[in-house]
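Before any comments, here is the structure.
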């Protein structure tokens, strides 16, 4: 995908929880879990469900660094 | 760390590139590369350098889903 | 906290309102009120309640300037 | 200002540092310092300089909570 | 409006849908539809309703580029 | 593109300005100008130049509403 967002992490949907306006999509990416909050309309529009192969996409300006 | 941001991905700094205002920090997270853009002041304040153990932290509202 | 986010404003939780997916957390910071929208899961995970001492954390790239 | 962003914190510009593309604007808000990264074009367009009365504006979805 | 956010697109509200915490505001901007998710409190505070003249405001650091 | 981001506005690149870390991409979308700040690495990776057909992509949680 030729999108400028530099972080496009491949994973598998583990759970989709729908609210009135928003949805919480949980994705397994390697050894990590990545939570995504998108609109319910988008979750339904993509037909997201457990087991789907997806990418978690994050613009690099949205990534902070925590030094342990 | 008791921060509300749900995504805190452990990794190793691979590169730090400094601009006048911003810095680009590249982190290896499992099999993926995660790029982070933070201020140069923060990169220097944390003393970030290649090999550091860090976490890439992302608020879940900043994560989009791409369905392949 | 050694997080790159430069804005970490100390305050006291005034209110927590829970929705299905999201939560609205209202924090008093000095003379100002700061509203934060996080996931309900994070609000519950942190056990946020009125009177808690917290920090409102904002990445500097998310701050705009309005000139009066 | 009738903008939906719920956080509009009044303060005084303490410093403006210009890069090629971005600018770092430091604002005193009560007892806190708030750092803002905006485009250089916006900083110049607003004529931002030390001593200006401004508001630091943040959408509530961009505010995280750290519990101490 | 003297706000640093560079993108302030004039349009007409087509729909407002309210959840418990969030609201989805749909705005027609020229030939495009722009969806905005803000707090329900802000939607109600602004009295947003179908037909309102508004601006969809986006900080430039939040805009990605997709090359077709 | 099957990306959850609801706002994908078609336009034409008018200008690309490169800094050390970041780039400012100006896109004409109908009667409006949309400014995007992405990494220089992404701008170069996509080979962005004046005249390119692109989409300006914005997650709906990043869109505020200003009522005139």
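Residue numbering begins at 1 within each chain, and the chains themselves are lettered A, B, C, D, E and F in the order written.
We take it that a contact is a pair of C-beta atoms (placed from the backbone, for glycine too) under 8 Å apart; a residue touches a chain by one contact, two chains touch by 3 or more.
Because the structure is predicted, anything quoted here is derived from the model rather than measured.
Within the contact network of the assembly, the step distance from subunit B to subunit D comes to 1.
Subunit E has its Cα centroid 22 Å from the Cα centroid of subunit A.
Subunit A and subunit B have Cα centroids separated by 17 Å. Taking each chain's centre as the mean of its C-alpha atoms, subunit B lies 29 Å from subunit E. Each chain gets a centre from the mean of its Cα atoms; for subunit A and subunit F, those two points are 21 Å apart.
Of all residues in subunit F, those that touch two or more other chains are 1-6, 19-22, 24, 35-39, 41-43, 46, 57, 59-62, 64-68.
With chains as nodes and touching pairs as edges, the resulting graph is of another kind, matching none of line, ring, star or complete. Annotation, chain-chain contacts: A-B, A-C, A-E, A-F, B-C, B-D, B-F, C-D, C-E, D-E, D-F, E-F (touch as defined at the top). Contact residues of subunit C toward subunit B in the complex are 1-6, 36-39, 41-43, 45-46, 57, 59-61. Remark: subunit A residues 17-24, 35, 37, 61-62, 64-68 touch subunit C in the complex.
Subunit E meets subunit C in the complex at residues 1-5, 19-22, 39, 41, 59, 61. Residues 1, 3, 5-10, 24-25, 27, 29-32, 34-38, 42-43, 46-48, 52-68 of subunit F are the ones touching subunit E in the complex.
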